[in-house]
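Here the chain labels run A, B and C in written order, and each chain numbers its own residues starting at 1.
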Amino acid sequence: METALQVVTSGLLTGVEYAIAAVGMTLIFGVGRVLNLAHGSFIALGAYTAYQVTLLGLSPVGGAVPAAIAGLVLGALVERVLVRPLRPEPVAAAIALLGVALLAEEGFSLIWGTADHSVPLRLPLFLFGHVVQGEEQLIAAAAGVAVLGGMAVYLRTRSGRALRAAAADAEIARLAGVDVERLQTATFAVGCGMAAAAGAFLSPLLSVGPTMGRVPLVFSLAMVATGGPGRIWGTLAASVVLGLASTFVGFYLAPPWSYILALLLTTAVVIWRADGVFRRMQL
Amino acid sequence: MTILWRAAPCLVPLGLVFAVQDRFALSVLAFAAAQALFVAGWDLVGGASGQPTLGHALPLGAGAYFATFVAGWNLAPLPTAVAGGALAGGLAGALQGRLGARLSRLSLAVVTLATAEAAREVSSVFRFVWPGGLVVGGDSGIPMVVYPADEASAARLAAAVLVVGVAALLWIGGSSLGLAMRTVRADDRLAAASGIDVVRVRVLAFVIAGAVAGLAGGLAAAMTGRASPAMLSLEPSLFAFAVASIAGPGTIVGPAAAAYTMTAALQWLDVPGTIRLTLDAALLIAGAFGPSAAAHLRHVRHVSTPVPASSAR
Amino acid sequence: MTPSQTIPPARDASLLRVEGVVKEFEGTVALDCVTLHLASGESLGISGSNGSGKSTLVNVISGFVRPDRGRVWLGDREITRWPPHRVVRAGIARTFQLPRVGDRFTVEENLRAATLHRRLGGAQRRQIVSQILEMVNLAPLREREARTLSLGEIRRVELGRALATGGRVLLVDEPFASLTLEDAPEVLSVLRRLRREGRTMLIVAHSAALFQALCDRVTVVEGGRIVRDD
């Protein structure tokens, strides 16, 4: 019973952390109509940033802010240079982003080597009854809730409504005076920043290596696909559920099976929504 | 006559393997031929029929593992096992084709990527007891007897299979089925209004391309002596996509020739894996921007299933 | 016998029969209990304002849209839920309001693609394509890529494609939409010829003059309902 409770709390916290990345991906697609297949690389960037921070003796959660900034800047650059010209062809844009992901993997191995690293916890552990949780995980989950809550509030502001208008129909939004291109760049950058922050939060749970971004990419895809086109709350709920499920599967079977679960779930959901879950998303 | 003319460049690999004596060069040419066959198969499904699969490694790996199993357990002679890889590849292609037949192009890319990646992960997890009591499988894969035993025979076999494979693909491309594929690629509602069974054509494209990839996989496993999860990874599919995008999607010969040349060059120069991956990435990005790829991918793929009752438009 | 059981229509002259078809899109009723019939050799005009449901009706008959209720019969076969390619093979061919052709295909390839489902030898296929090219006055343009053609020529390619499927019933959706004064007569001439040959046609259009020239009777659709049926 205690074990199950431990797994449940860990799964929930992991789900919330993954939700930051998944919601970022939903935003990017919803506003920009681009499937960011480099999303895993930004998560990896965040994890490596957290790793660097721990080398300075600090907690990995301290890497979330610099990771988010790095993700923001690089995301904006990628969007302007690669994504914007290819936006009319979603498959071409997705493929180009895969190319970026491959380049990122090479970059990571050049900078940090090909060996995997582990990110240590620096803050104390807490005991809740029989359940142990690290302070990092609690802070990460709290930060995740804050980010997602902040987004919910933002979407109700004037500029948030412009974002939703651009997501619903870019052409009409343009005619209404919304600078759709700038909004798309900003959203892409924010989405990548969120992915990087999520990577920093998730880093103690992952093996940090050049190809580490592939697994979180698939998890993000599964969460976005399952949560439903255009539903941030759906993606959030799916993230928590899938985080829970994958933690259970990883614990009671083996970690590779949680990855396989995410892959099969992505396949099943995309097919089930045969009108193309990635054809159209709204906010 | 046109098909023979278009297939003529394939005689170059065949000529080369008889002209070259160096053993290393021959092994390079053998591998290049298998790679070219794999990419030619991709071009049928991704280029000619407009289904950009990111999971073409699934039939490749299926063919490799099938050939290795059959040969390893002495269920058939080695050449038959290698040829049987085409059957396994075709079945894997049929699965992907059936799953993706009604999806948008982006969704298809995601589903094919996910299926291949799931197969790779499963193959890296499972282990088997092999004849002789060895436990094989996992990340190191399954061993196979190297066939043919010498580099010259392997290179000639691979080149011959490449010529036949490309000629067959060209013949299919020029046939009624090829026209049906191109019509489906151009506009699937138009195809349906022309009486073409869009789903069947899409699945057939995957089956044929899968069979060719499976044959390439069986060959590759026989030449390298191993079927491994690496054959199911994303890189081969991305390489096929990138090469086909810049070398003339849908032409079969262009992507095959480009793949042959690039693979041979990279192997001959012994280019490190890091640089190869960087090159793949650059090719992918260039391919995405390439005018032929852009024009090719611009065709919007509708789903030609009827709008069901009481559903949103 | 309950209404849900399929009942083949009585054997009369009706080749195409639409019975009580209802179709809604996100709460908007596009077709509201539409019933019509088309006899063999008859040419029926469908008129109505924009958004009245004319094209939806064509989409339902041709299998591109499934109705929420109602049935469609071709002869004594119910084809309501058949996929589009099967409807074509059963004998209903159509054109589209926004013309659809393979723009990188030649005119001949466009027509040949529509014959692929028919069991024809190579020579027979070529002969049929040649005959249809003559019928739609496109023989001189057979090797031209469709993207180089004018809209009127593209409309004729579409008609040729529909004819090449070998269908007994031809659904023509707004054949004159956006045509110039130069292009319209060519398309009109093709449709007139088809009418003289006794083709069974359902033509969606707006102009009374066109209906007079091409149709035996006219049905008016408004708000998804048939409001007049001559």
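Keep in mind that, in the parts below, a contact is a pair of C-beta atoms (placed from the backbone, for glycine too) under 8 Å apart; a residue touches a chain by one contact, two chains touch by 3 or more.
Treat the numbers as computed from the prediction; the structure is a model and nothing was measured.
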Connectivity without chain B (remaining chains kept where they are): A | C
| item | value |
| --- | --- |
| Chain of greatest Cα-centre distance to chain B | C |
| Of A-B and B-C, pair with higher C-beta contact tally | A-B |
| Length of the line joining the C-alpha centres of chain A and chain C, rounded to whole Å | 49 |
| Chain centre separation (chain B, chain C; CA means) in Å | 40 |
| Distance from chain B to chain A - Cα centre to Cα centre, in angstrom | 31 |
| Per-residue overlap in chain B, given as positions that touch at least 2 other chains | 305 |
| Two or more partner chains touched - positions in chain A | none |
| Chain B residues touching chain A - in the complex, by the definition given at the top | 52, 54, 99-100, 102-107, 109-111, 114-115, 117-118, 121-122, 124-125, 234, 238, 241-242, 245, 274, 277-278, 280-285, 287-289, 293-294, 297-298, 303, 305 |
| Residue numbers on chain A that touch chain B, as the complex places them | 35, 82, 85-86, 88-96, 98-103, 105-106, 109-110, 214, 218, 221, 225, 254, 256-257, 259-260, 263-264, 266-267, 270-271, 274-279 |
| Contacting residues of chain B [partner chain C, same complex] | 176, 179-180, 182-183, 186-187, 189-198, 304-310, 312-313 |
| Chain C residues touching chain B - in the complex, by the definition given at the top | 24-26, 62-69, 81, 83-86, 88-89, 93-94, 96, 100-105, 109, 112-114, 116-118, 161-162, 164-165 |
